[in-house]
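Common to both upcoming complexes is chain A, partnered first by chain B, then by chain C.
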Partner chain A sequence: MWRTRLHLLHMLTGVLIASLLGIHLVILHLDAILGFFGVAATEPTSWQSMITRASQGIWAGLYIALLAFVLYHALYGLRGVILEVTTSAKTERIITWSFIIVGIIAFIWGAYVPVALLSS
Partner chain B sequence: MKQILPRQNYLGAGGWVWAGNYQLERYLYILHRITGLGILFFGLIHLTMTTFFRIQGQDVWEATIALLTNPWFKIGEYLVAVAFVYHALNGLRLILQGLGFVLGKPTPPIYPYKDALRKKRPWTMAMVAVIVILALVFLFDFTVGGW
Partner chain C sequence: MTEDGPKQVTFKVQRYDPEQGNSPHWQEFTVPSSRGMTVLDGLLYIKENLDSTLVFRTSCRMGICGSCGMLINNYPHLACHTQIEEFHSNTLTVKSLPNMSIIKDLVADLIPMFNVHKSIKPYIIREDAGEVKNPTAEFTQLPQELDTFLQFTYCIKCGICVSACPTSASDKLFLGPQAMAQCYRYCADSRDDGQPERFSVVSTDHGVWRCHLAGACSEACPKGLDPALAIQLLKRQLVSQALGLRKKQPPPSVVSPPTETKPKIPFPEFTVKSSK
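== the complex of A and B ==
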């Protein structure tokens, strides 16, 4: 049963990532088209713009949530691809646990930075 | 007594690219994985940039952004954007089909009947059309917005 739940979570995180990163891509890359529709194009990658966002709790929260969704979705997806070439239950366990550990380390480091930048 | 072995149809690494009789959808699925791995690779670079380089202050951040305005990075960025559009829309189609939303009405299997794959084919074609349009929209903005 838990495998089905993991797959359902993979679908759910996929939809969430598609929505959040869709907005991210439109704001970052479609500035000429947004300008045509009257949305003022700013420079989101400038230090000033970036650090203003980094000091707001809502953005830090969004970054951390997105990080969790992306890490789960990416690592679960890669695990699925890799597990197709093995039939051994032991290898499956090793791969699963390695991915869980890598995911947790990446999450802790990736979540630490937005929290540390909140006070900057 | 004949022993039934588990996963006798196991294909190994060849199974990653073997499409059999599954036609277009199976190739889209292979592309789904390739784009997924590409986005994962980009994600590693992106995470490094927004953590290691972002936390080191204004100078390091601006130097990193300056490095990323290199035309090769811009071309890479466009490819990642298109890969994302593909992966997101194909994923959405897979979710809708997997959960049974676009199966259509059940019909009696009287010749000439349509199999499930052909019943779903219009959705697949519509998705491919939307992806191509969005890829062109992004290409337009990348060209107009300056590479």
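== the complex of A and C ==
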């Protein structure tokens, strides 16, 4: 039954990615439209703006959550594609553990910057 | 020759004998075809008149036994259920069902499909095993409860859905639409308590979540079943179970079989009198 839960999580992360990525894209690239609604955003794609955002708890949390959701969604999906052409249980285990290790390393690497900025 | 009279149709048949060690090859036969003639009739003509070594599986000739599934003009059909005229062509290609190994010529190996079918326990499983072994009464079932799975009871296990399925083509361990539709058929049965046993079989990396919902199984099924729908409904059951939303159905009540039956309708008189 836990495979059903993993697949449910895969679908749920897809929805969450669409929501969080939507927020990310609106903030970064639709600043003119945001300005029309009274939300001031000066040069949101500049380095300083990015560092300022990542230093705030809510934005750091959003980026870390987005990273976790994207990694899970992408790696679980890719694992599914590869398992479809795999017929050996041993190979499946190797693929699964490889993806888990790659995911953990990528998450630590990606989350390092906002965590470091928050703690500084 | 009239419009309904015989015309010549070329059957391009794939021949293959694994015991001979040669690779599959094509052989052409010219068959006289008339209106209403099925592909199976054409193959029987070849076997009886042109080449008795041609091997194919057939039994009922009326779309019930599911023996004569084969790939006709690159689409899986029952040979007995497919008329030559349907193709509007003077040439027919006939080969064994894809996604299955070939035993010989047009005979596909259905044993792996039957083994998967057996693995989902296609029978009523109940918690009160005593009542099943030594029944004292009958389990009731409302017509609307029967309607939830009735169409899936018409499966003839011909393997056409499995051969049409693109996931079965790429994933050799995929359970396939036939078994999963039957899994739903029994899980949806109000008399059944075997969901946990079957869910553990289908909720795997090569089970229901591998289905891409191409719908090819439903399109190809010669009995008009919708296995893709069954898989989707099975997914719904699994999700409900995983989220704890699945309500435990009350066990069906048992009723004693009727002691009195309606009087039998008398057998009609013979309309043709015996000459003796």
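Quick notes on this one:
Here, the second predicted complex is superposed on the first by the 103 of 120 C-alpha atoms of A that agree within 3 Å, B and C clash if a C-alpha of one lies under 4 Å from a C-alpha of the other, contacts with A are read in each partner's own complex, and residues count from 1 in each chain.
We adopt the following convention: a contact is a pair of C-beta atoms (placed from the backbone, for glycine too) under 8 Å apart; a residue touches a chain by one contact, two chains touch by 3 or more.
As the structure is a prediction and not an experimental result, all values here were calculated from the model.
Residue contacts after overlaying the shared chain place A:L117 against chain B, while chain C stays out of touching range. In the superposition on chain A, A:A32 makes contact with chain B only, not with chain C.
By the document's definition of touching, of the two partners only chain C reaches A:M1; chain B does not. The wider contact with chain A, measured as residues touched, comes from B rather than the other of chain B and chain C.
Legend: residue contacts after superposition of the two complexes on their common chain; A:V85 is shown touching both chain B and chain C. In the superposition on chain A, the residues of chain A contacted by chain B and by chain C overlap at 84-85, 87. The touching residues of chain A, counted against chain B in their complex, run 11, 14-15, 17-18, 21-22, 25, 29-33, 45-47, 50-51, 54, 67, 70, 74, 77-78, 81, 84-85, 87, 106, 109-110, 113, 116-117. Within the complex formed with chain A, the residues of chain C that make contact are 167, 170-174, 199-200, 203-207, 209-210, 238-239, 241-243. Within the complex, the chain A residues that touch chain C are 1, 3-5, 7-8, 80, 83-85, 87, 92. Partner chain A is touched in their complex by these residues of chain B: 6-7, 10, 12-13, 15-16, 33, 36-37, 39-40, 43, 47, 50-51, 54-55, 58, 61-62, 65, 77, 81, 84-85, 88, 91-92, 95, 98-99, 137-138, 140-142, 144-145.
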